[in-house]
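Below, chain A partners chain B and then partners chain C, in two separate complexes.
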Partner chain A sequence: MLEGAEFYFNVDHGYLEGLVRGCKASLLTQQDYINLVQCETLEDVKIHLQTTDYGNFLANQTNPLTVSKIDTEMRKKLCREFEYFRNHSLEPLSTFFTYMTCSYMIDNVILLMNGALQKKSVKEILVKCHPLGRFTEMEAVNIAETPSDLFNAVLVETPLAPFFQDCMSENTLDELNIELLRNKLYKSYLEAFYKFCKNHGDVTAEIMCPILEFEADRRAFIITLNSFGTELSKDDRETLYPTCGKLYPEGLRLLAQAEDFDQMRRVADHYGVYKPLFEAVGDGSGGKTLEDVFYEREVQMNVLAFNRQFHYGVFYAYTKLKEQEMRNIVYRSSSFEVPIL
Partner chain B sequence: MANGDWTTWEEAGSRPQFLGPMAAPDLRAELDSLLLQLFQDLEELEAKRAALNARVEEGWLSLSKARYSMGAKSVGPLQYASLMEPQVCVYTSEAQDGLQRFWLVRASAQTPEEVGPREAVFLYPALRRRKGLTRTPEPESFPALRDPLNWFGILVPHSLRQAQASFREGLQLAADMATLQIRIDWGRSQLRGLQEKLKQLEPESA
Partner chain C sequence: MPIARQTSTTYEHLTSNTHAVCSSRAGVIWRPMVCWRRRASFCDCYKTSHVTKMLMGEVMREAAFSLAEAKFTAGDFSTTVIQNVNKAQVKIRAKKDNVAGVTLPVFEHYHEGTDSYELTGLARGGEQLAKLKRNYAKAVELLVELASLQTSFVTLDEAIKITNRRVNAIEHVIIPRIERTLAYIITELDEREREEFYRLKKIQEKKKILKEKSEKDLEQRRAAGEVMEPANLLAEEKDEDLLFE
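Moving on, here comes the complex of A and B:
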């Protein structure tokens, strides 16, 4: 790809980059978080959010206010911004946006399938699906019995179709298989996204590839951590690791054999990027968990993406930072819903 | 006849009872010990209530941490069926003093699994059967008792497991609290009865 994005990027994408930088400026600041921490009820949270860029987004909500409603409204707001970017984008940025929405589509498909397992009505689940991952064939997902059914009948026309390569099997979809399906889909998706960014080259590759490598390695670590003590075999576990990260291939092979946290830590110690992260993990309760440390690193990388211009990474970074903000607000607000017996 | 030995005729519905001499001090002693027992029970109940609230709060915060990692809609009512088989059942039995006690019994003896992290399941079997119906143990009609943790997937974060452990501990406390409350109610009615008797014995010192 011809280097020198600064010569031609703005022709097609300059308006959107300017817009996303403006949106980024409206993310919550340290002061906003201090105010949120001092809130005492959900109404306080609503009032504080009115002074930020969120404004009156909760104005139409009926009482009582719940954390779930706040979460849904925040998501809708992000979705509106994202759809605006997407509708005004040109290739190859539009493909980039499509790749971004695939991860939400995967989550929605899994939500629908789990709901079918629990005999929930489709309408009930559709309400809770992530708006960014909406696609027209969603309502038909629950009729599928096996992954090949799912592919042939429902998903063959969607952007998720290419990710089904390793997932076709005749196994019925029970909980274990749904979890395996989710992780395999995500692995294919991540590897495809990585390849797209790498092939695009230029500043986009320089920014996005490290972010996606980190995402792949993080998934490998978290899958390993959560699989201790479960019925997932080591071989199955290894098939779920995305291969586009720094850990591939030796690290992943070692990680597949790990049986506890310390063995995982020893694998991470081989990599200069991950050693300090594992050292920051506190022991037991009270300290940071591995997930916290990973979230912090992700946010760091996303913020740094804004230091370069003329690349698509700013859109990815903005969406991820906004999601982190929503996670923070929901986590803070959930302490107001603790039941007292 | 001493004045305090017979109940007065004026009290409607009361029949004269011969309580014997020294009835009043005995009654007072009994009253005192009952009161002490009642206060002890109340203190224990308050301690257990504080512990239960602490467990529920801990569990709830662990649940929100799990939502933080997994996504807010991935840990919620969508993940479990509206009808579920309880894994822990409440049985009642009569103790020697005629009071009911509540026991928690795991539904299947083979798999050492207990109630999952949902508040609905946590409250549901206890409240429904609190009215003291004796429940016959069900035959092995549970097909396969799965850990409710698996409703949320196979690879669940550690915080969800912690939430399950907290709610499990809270369940035992709830059963103990129910037993204590029955004892306290009984104690209060006994107390009232004794106070009535004392009033009848010694109308001037009421």
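Moving on, here comes the complex of A and C:
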């Protein structure tokens, strides 16, 4: 769209980019993680976090401190920052933000639909929904009796409408299909996001497209790996692969035929980017799992996004890095909740 | 006298017999048999449950760690899991086992139905979720075993207490009672024998006195010449009925 973004970018988005870079600078460093590892209890964790940018975010919490409380508070903080960015954004950055929230919205919608199926009260489920994925029609989900009602009444207003159109052919919602539905929605979402970034062109496309390609291929690999030994047929599996990655189309076809990890590995060996990743995977217990390796690569790419200026990728990268940091802290703190008998 | 001796032997024989029967039925032989077998299985139970409890601690720790790992990779899947719960996959059957006369319940687990969470974490965290499922399944199996051991422990404990109480009761109440009865019977029999003996003696004495008295009388009468000796067949005398000699 705009070549030479350095001329126009700062007019609309300069303030927010500066802000997000400041936020990125306050992510936990190696030293902070070393301190966290040396903590003995959850109280120590709280004290250590007070010295970082998190500050006194746990100050209003009553005892006893639990991991889920820490998790909720961190998420609230992230939400506040995200909402601030979003509220101050202009087009097309605001569409970009909407795309980012779509993935959380998909999870929330699946949760609500499941709850409606099980006749659970909406309030309980609303508490469990991801705050970044809020949309205004959330409470109305339980009014709908059948999925098509749900779609027509509720979801058509949300940004998720076009993704549902791709998978409205199956109207029955049992558990198997809930997961398939979730993955199909995510596939169409990813492809739409990819197209948006590509059409935007410029530095954003240069940064975001590789990240999204990697996300698509990663999903393809993980879905294949996890569907070994389940009832998921190969054709079903193929419909879940997002097509915006490097693996499309030959790699995806080969993956759909794969029966075990080694065949998957051979498919990955065709692609220079994925070969070293698979080689880094340890075998069995001890050593890294494929998921760990993928996480590391994702974080690497996100960090590299900050090396270029004048693109929207910094916001995406910052959110993902912050989420990873939250996961790390929760993982570290949950070892204090493990019962020692 | 021979009669008296006979009865006393019969009585002695009887009493000695009951005494032998009582002491053989008294827990002196009975107690080791049942109690020992129960105590042996009790000790086994205790040792196995101790070992299992230690193992349980480790298995639970490992399971909790794998839960943390799964949450790290797959995000928060707890709501999805809770919402999709319908039937139990692992169920327990209770069977009865007889050990040393005590019926112990034994729990056995069996799988039913398919895994309804096969596709959870399809897009991320599936491997960790599978590991988590395995770990917790192991923990559940161990828990079932522990439950069986614990119930049998408690039941055996009760049974042993009851048996102990019975044995104590028999030892300190029933047996002394029977022994006292025995002693009483013996004394009674002895007394009767003595009575009999005494009676006999008295009778003999009386007879003796009577005899002496009658002899004395006879002497006196003979001396007075009033007594007619009866005819003695052996004395040579003339027989009047003989006509010819």
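What we mean here is this: the second predicted complex is superposed on the first by the 323 of 341 C-alpha atoms of A that agree within 3 Å, B and C clash if a C-alpha of one lies under 4 Å from a C-alpha of the other, contacts with A are read in each partner's own complex, and residues count from 1 in each chain.
Just so it is clear, a residue touches a chain if its C-beta (ideal position, glycine included) is under 8 Å from a C-beta of that chain, and two chains touch if they have at least 3 such contacts.
For clarity, every value in this text was computed on a predicted model and none was experimentally measured.
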Clash-or-fit label for the pair chain B, chain C on chain A: clash
Contacts of A:Tyr186 with chain B and chain C, given as first, second, both or neither: second
Touched partner set for A:Thr136, first chain B, second chain C, both or neither: neither
Partner chain in contact with A:Tyr331 - chain B first, chain C second, else both or neither: both
First, second, both or neither for A:Lys119, with chain B first and chain C second: first
Partner chain(s) touched by A:Glu231 [first = chain B, second = chain C, both, neither]: both
First (chain B), second (chain C), both or neither touched by A:Arg219: second
Chain C region in steric overlap with chain B, selected from 73-81, 199-207, 217-225 or 235-243: 73-81
Doubly contacted chain A residues - partners chain C and chain B: 111, 114-115, 118, 120, 125, 128, 175-176, 178-180, 182-183, 222-223, 225-227, 230-232, 289, 291, 327, 330-331, 334-335, 337-341
Sites on chain B touched by chain A in the complex: 49, 52-53, 56-57, 60-61, 63-65, 67-69, 71-74, 76, 78-81, 119, 150-151, 153-159, 174
Contact set on chain A toward chain C in their complex: 110-111, 114-115, 118, 120, 125, 128, 175-176, 178-180, 182-183, 186, 219, 222-223, 225-227, 230-232, 240, 289-292, 295, 327-328, 330-331, 334-335, 337-341
Contact footprint of chain A on chain C as seen in their complex: 56-57, 60-61, 64-65, 67-69, 71-73, 76, 79-80, 83-84, 116-128, 130
Sites on chain A touched by chain B in the complex: 67-68, 71, 107, 111, 114-115, 118-120, 124-125, 128-130, 175-176, 178-180, 182-183, 222-223, 225-227, 230-232, 289, 291, 327, 330-331, 334-335, 337-341
